[in-house]
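Below: one structure in structure tokens.
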Amino acid sequence: MGGRPGPVYLEIPIDVLSAEIDDERVRFPAIRTRPPLTVPDRESVAAALDVLKAAKRPVMMAGTSVKWSDAAEEIQAFIEATHIPTFVNGMGRGMVRPGTPELLNRVRKEAMQQCDVFICAGVLLDFRLGFGRSIPADAKIIQLDIENELIGTNRSADAFVVGNLAQSFRQLLGLMEEQGVGVDHSAWRDALTAREAELEAAFAESLNSDEVPVDPLRLCREIRDFVADKEVILIGDGGDIVAQASKVLPVPAENAWMDPGPLGTLGVGMPFALAAQLSRPDKRVLIIYGDGSFGLNGFEYDTAVRFELPIVGIVGVDGAWGQMIRPQAAVYGANRVVATKLNFTRYDKIVEAMGGHGEYCTRPEEIRPALERAFASGKPALVNVVMRQDIDTGMKGSTYM
Amino acid sequence: MGGRPGPVYLEIPIDVLSAEIDDERVRFPAIRTRPPLTVPDRESVAAALDVLKAAKRPVMMAGTSVKWSDAAEEIQAFIEATHIPTFVNGMGRGMVRPGTPELLNRVRKEAMQQCDVFICAGVLLDFRLGFGRSIPADAKIIQLDIENELIGTNRSADAFVVGNLAQSFRQLLGLMEEQGVGVDHSAWRDALTAREAELEAAFAESLNSDEVPVDPLRLCREIRDFVADKEVILIGDGGDIVAQASKVLPVPAENAWMDPGPLGTLGVGMPFALAAQLSRPDKRVLIIYGDGSFGLNGFEYDTAVRFELPIVGIVGVDGAWGQMIRPQAAVYGANRVVATKLNFTRYDKIVEAMGGHGEYCTRPEEIRPALERAFASGKPALVNVVMRQDIDTGMKGSTYM
Amino acid sequence: MGGRPGPVYLEIPIDVLSAEIDDERVRFPAIRTRPPLTVPDRESVAAALDVLKAAKRPVMMAGTSVKWSDAAEEIQAFIEATHIPTFVNGMGRGMVRPGTPELLNRVRKEAMQQCDVFICAGVLLDFRLGFGRSIPADAKIIQLDIENELIGTNRSADAFVVGNLAQSFRQLLGLMEEQGVGVDHSAWRDALTAREAELEAAFAESLNSDEVPVDPLRLCREIRDFVADKEVILIGDGGDIVAQASKVLPVPAENAWMDPGPLGTLGVGMPFALAAQLSRPDKRVLIIYGDGSFGLNGFEYDTAVRFELPIVGIVGVDGAWGQMIRPQAAVYGANRVVATKLNFTRYDKIVEAMGGHGEYCTRPEEIRPALERAFASGKPALVNVVMRQDIDTGMKGSTYM
Amino acid sequence: MGGRPGPVYLEIPIDVLSAEIDDERVRFPAIRTRPPLTVPDRESVAAALDVLKAAKRPVMMAGTSVKWSDAAEEIQAFIEATHIPTFVNGMGRGMVRPGTPELLNRVRKEAMQQCDVFICAGVLLDFRLGFGRSIPADAKIIQLDIENELIGTNRSADAFVVGNLAQSFRQLLGLMEEQGVGVDHSAWRDALTAREAELEAAFAESLNSDEVPVDPLRLCREIRDFVADKEVILIGDGGDIVAQASKVLPVPAENAWMDPGPLGTLGVGMPFALAAQLSRPDKRVLIIYGDGSFGLNGFEYDTAVRFELPIVGIVGVDGAWGQMIRPQAAVYGANRVVATKLNFTRYDKIVEAMGGHGEYCTRPEEIRPALERAFASGKPALVNVVMRQDIDTGMKGSTYM
């Protein structure tokens, strides 16, 4: 129940588990259902605001602690008041409302290179941000996070606000009002938005590709279009395919997206889906699988069958561990790749053998109807899509390195 | 490369892995292909012999370090010279030649209760031997092991011989000869053999049962009869089924049996089988699966298909985690078991979907022909046998507790 | 720089320490001179106040986190507004102004046994409070501390306020005002004060004892009287003698008392004194030593001589490790104590040999003049007082158990 | 009781320590009074001998495991049979008989640079041997040690013999005899002996220096001459002074020398001496102290007084932490040294204050008579010798780096 929640492993020795004790000696602890919502001190908020007031091209990245602070409403209010261009990562996805003009995606790298103030809103400067080197050396950093010990990780923060992020954003806005300070970065936002549109256009070709085997981005577009009008919990379980999907699929709401996280723990697909479906029986759940990942825990479809959970998965099958095979080919040669090729296995038939519903697609136009049938089947279902295998394309696309 | 080998995990950071270095600066270490075969000192061998000479009802248990010492020949010579009743456990299985009159199985508990000297030949007094309490308090213990630090684990040894076990047995026999000492426990062995035969008879009914669904012991007997005239590497991957199989199946030779070991690490079946088949392409490999275990790594049949390895598995399907469900039922009631039931999944169809060969048996007489066809298929194959589900039989049979 | 400060050990490998780097590549981190002062959320403060409002016999214990929160002023205001009887422990000593009517000492055990609400103000329920068992099972606990993870240690808190304690007390008082709530426990305080006076009287005999060798409490009284009109930083380094001194000596202000802490790390006397004297050259420093402790780091007087620091120590010499020898004698017999006797060494002469000033007292009336001369000497000085040796007095007095 | 003994720390929780148990339930373990003396296997001995037979300029270094193997007699026999030039380090000191022509000291560096085979006899290639870089890259290494896991540390061994070293040397000599192999390196030894004599002459000036304050090497010579005809256990406790003493003082026998070891754990002087004197009441014990080290545990003279142990110490007082101050001066300048100067404290007077005997020497000719008086006093005694302070002599002499 700390400020920064995380998974807990609790092991009880079998002799303790099976021990008996008098009811009278049992004392139940006071149950703490949520962590304390610490409020930042005024002084640190003022210091952060001072840095922000001097900013010309600020950029905000919203991440994990925004979620743990339950701060969706407050970060939204802050963005709308300041028009600061904002990106999301990790568990920050879904915390900013899709369609918010300041919420950008493809222009991230360029925006970071140009920014003079970078706001880490519950985001650590870990490998995903070059340990802080992705931000210009002379840019100032404002860090908001839940725990004091997270401040200054890998690169020191010029100003920092420690506390629940909902409280922190509220305090920032309150102090701005109190000081009569206006912060309006809509011009800077507009410049980035224009650039975002250009980058989006370059994507369009792949998104609409009629290629056979299917282009991975076309696969993602089909999923995007399919879920557009539905409330679906999306779960990514893969490397390449998840990286691609995160560029194409908007996350409509909090808790509507889960993925393997910064450590890339593949295999989370069905375990996450089982938990999601059981805790939200009213919602539909869709897993986006790579074929490498499917092999790790795909057998858990058996569990979904046993518990009659109508979870749907879609697996992009390119017969390879994509994020591994491309660096291997680039460094050692495409004919010297090792342990990174897979079969074009009929995963759909495996799911059928377990008692689920299977679909098999080799052409892009088959995907949408297959998804429709899978959702309609009322059973655990898997849509198997044969994709283009990219091996010898250099480091292009998403790689692990 | 220590005296007591074990698995090693080697992690190389990616920057080290991809670093380059001048050939001239590379210095290759002297390669050590096997551990040093330390010889025990004469004094400790003499002390052990003194304890042995006074024994009236000695019992020997042969385990892991016999294997790591490559001491099959020497322990056999020692048994033949002394006629000491001998049991095997863990990786000791296969180290004593099947058919050796001193090699006993079912009478183990009774023999241990009566013994006055217990020889731990590469065996630790861990939970499998009640941390030493399975041996009478006034019995003497002679321990032979590879490393000094293994001596006296959980219960102290009255005499101990540290060194390679092949060397230790050789020294023991050498010293007996030198001293003109004869040790002959054939009468004690004969008494135990007679009792073993009685217990064996009690087993016969289950082994020959025509029950449908199939009795687990009948399944094991079918396997035993099938492999009797073949050189097959057997791999156990399960709880109940492996415990039963180890009572029925003799292990004909070293390296002819692998199982989840003392920690019960389920899921080792196909990984072990892949390694065994690749390193011994001339041999056939048979995995004996429980259905719980199959679900953990059964997906690796895909790997066997990809590498065209004709590994055969047989899975006893009782729709339950047997070693867990029976204690649950005994403690909480058969209607309150939780997380220990499984589906009667058609695992054979899954293997077929991957490109392998599947067989499905519901009656005992179908098993043998199915195994014949599976081995003849030349493909990765799985024989799915529907077994009797034992839940409410109390603690009878093999349980975890 | 966390919420709960503590010692830090920083090791720099010699190759890093002696490496050179271009000035241009050096990036200085933003220096954080103090931890963030997190403010508790209103909801938790309200919950704590609800518990407090129902209290009939509340007791507060103020400890370490009061100090780290710099909350002396705020806790004083809270006590004065509510008249809640208050005790201090560990680094809480000196945080409540001496003479405050609510600040009690000897009646602690009785007060805790009678209380219905216990306020842990920066205090953990560790072994010093019987892991929470010193508080009646049906009493409610309100815990105020800096870090969320400290809440509920060993016994769960019925209400808890996480944040800087200065902020927390301010919020509590603010909310009381807002709600128009009055809390007045002066009657309960008066009852305890009366009882405190009775216990104090029982002490008087020892405090005034003219016994030779000197009674330890008389020694403490002499110190108390000597420092009464001076600003002296007191440092305790011992077991028994420090336990006794803490019953006799009031702590006039924050940072005016340091001791071996809950882990009883003996030997801290001179190290603490050196740091205190160097950082507060305007103040005088007095170490109260037991003879066992003096032996651990007494040699550091050499350092005081080298740096010309006029630190004064007083050592109560009873030729024994008191907190150990009494339990030994009680359990095994006074004639079977082992490794707990010391010499009546002339520690004063050792200090003289190093170049300091020494005093030697065998009678109580000699102590005060010796202290006067030691402080006047302008040199590191030690007053050696021969005390009564208590061995066979059972568990009476302060013991470790 | 492993092959490579070391200190053990045993902590018993107070509740376990004070628990009571029925006598009947107590089972005493079989006591193992010494580790098993494992014998190396013949094959590895033969491989080592093959390397040795090809050697032209072999050098042997004898260290810790020679002692733990109780192999003084066997290494002596090996040296006498082969005439291989031999050095000792760490606990190997005293294992080769002083006066053995092959036992060399000052020529070590040159010998190692020229050797073609280096025998590590119970010696690790740690920082003291440049992690193996002190030996020519093309020299072969033969390693003899007790535990397999010590083989190949930092640099791989070309041949290795694992087992008790007494057994290993015996096997080597036995195999040489069996094979009729003669190994005679007396010519190579004579060449090094001649060079050793030259280096010894260069030392003579310091050893005989009449300088005031006293030259450290003259101090060491006085000690050497004093102990020459006595059986004294020598204990070194210091940096510089111990490094110098080890160049001057021969170690006459096993267990006649103890020092701070490879980790330089200063302060061991009196603790080692107390143990030595208590276990060998018939012997005399002399501690050679640096003044830095004396300050760490010199107070333990109080213990020696309490137990009436006539331990004698001699402390070389140069008012500095020598091995630290010289590198500081060399790197930062002699006027910028920090925390490395000490007082010229009268440590002898401190010992007198504790009840021991003190001597103070400022001239070299006073040392010998002072040692005589100290040993004759029958009390714990300390001889304080004021030495020359070397600060600005560059890295000359012994330094830590």
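Letters A, B, C and D name the chains as they come in the text, with residue numbers starting at 1 for each one.
In this section, a residue touches a chain if its C-beta (ideal position, glycine included) is under 8 Å from a C-beta of that chain, and two chains touch if they have at least 3 such contacts.
All values derive from a computational prediction rather than experimental measurement.
Visitor: Please give the intersection of the contact partners of chain B with those of chain C.
Guide: Shared contacts of chain B and chain C: A, D.
Visitor: Taking all residue numbers used at the chain B/chain D interface, answer same if over half belong to both copies and different if under half do.
Guide: Same; most numbers are used by both chain B and chain D.
Visitor: Would you kindly say which chain has the C-alpha centre located farthest from the C-alpha centre of chain A?
Guide: When every chain centre is compared against chain A, the largest gap points to D.
Visitor: As a quick test, compute the distance in whole Å between the mean CA positions of chain A and chain B.
Guide: One centre to the other, that is 45 Å.
Visitor: Approximately how many whole Å separate the CA-defined centres of chain A and chain D?
Guide: 61
Visitor: Could you tell me the distance, in whole angstrom, between the mean C-alpha positions of chain A and chain C?
Guide: Using C-alpha averages as centres, the distance is 50 Å.
Visitor: Mind pulling the residue numbers of chain A that touch at least two other chains?
Guide: none
Visitor: Among line, ring, star, complete and other, which one matches the pattern of chain touches?
Guide: Shape of the chain contacts: a ring, since each chain touches exactly two and the loop closes.
Visitor: For this entry, which pairs of chains touch?
Guide: A-B, A-C, B-D, C-D
Visitor: So in the complex, which bits of chain C are touching chain D?
Guide: Chain C residues touching chain D: 14, 18, 295-296, 298-299, 302, 305-306, 331, 341-343, 345-346, 349-350, 352-355, 401.
Visitor: What residues on chain C touch chain A, complex-wise?
Guide: 1-3, 27, 29-30, 32, 35-41, 43-44, 137, 148-149, 151-152, 156-164, 167
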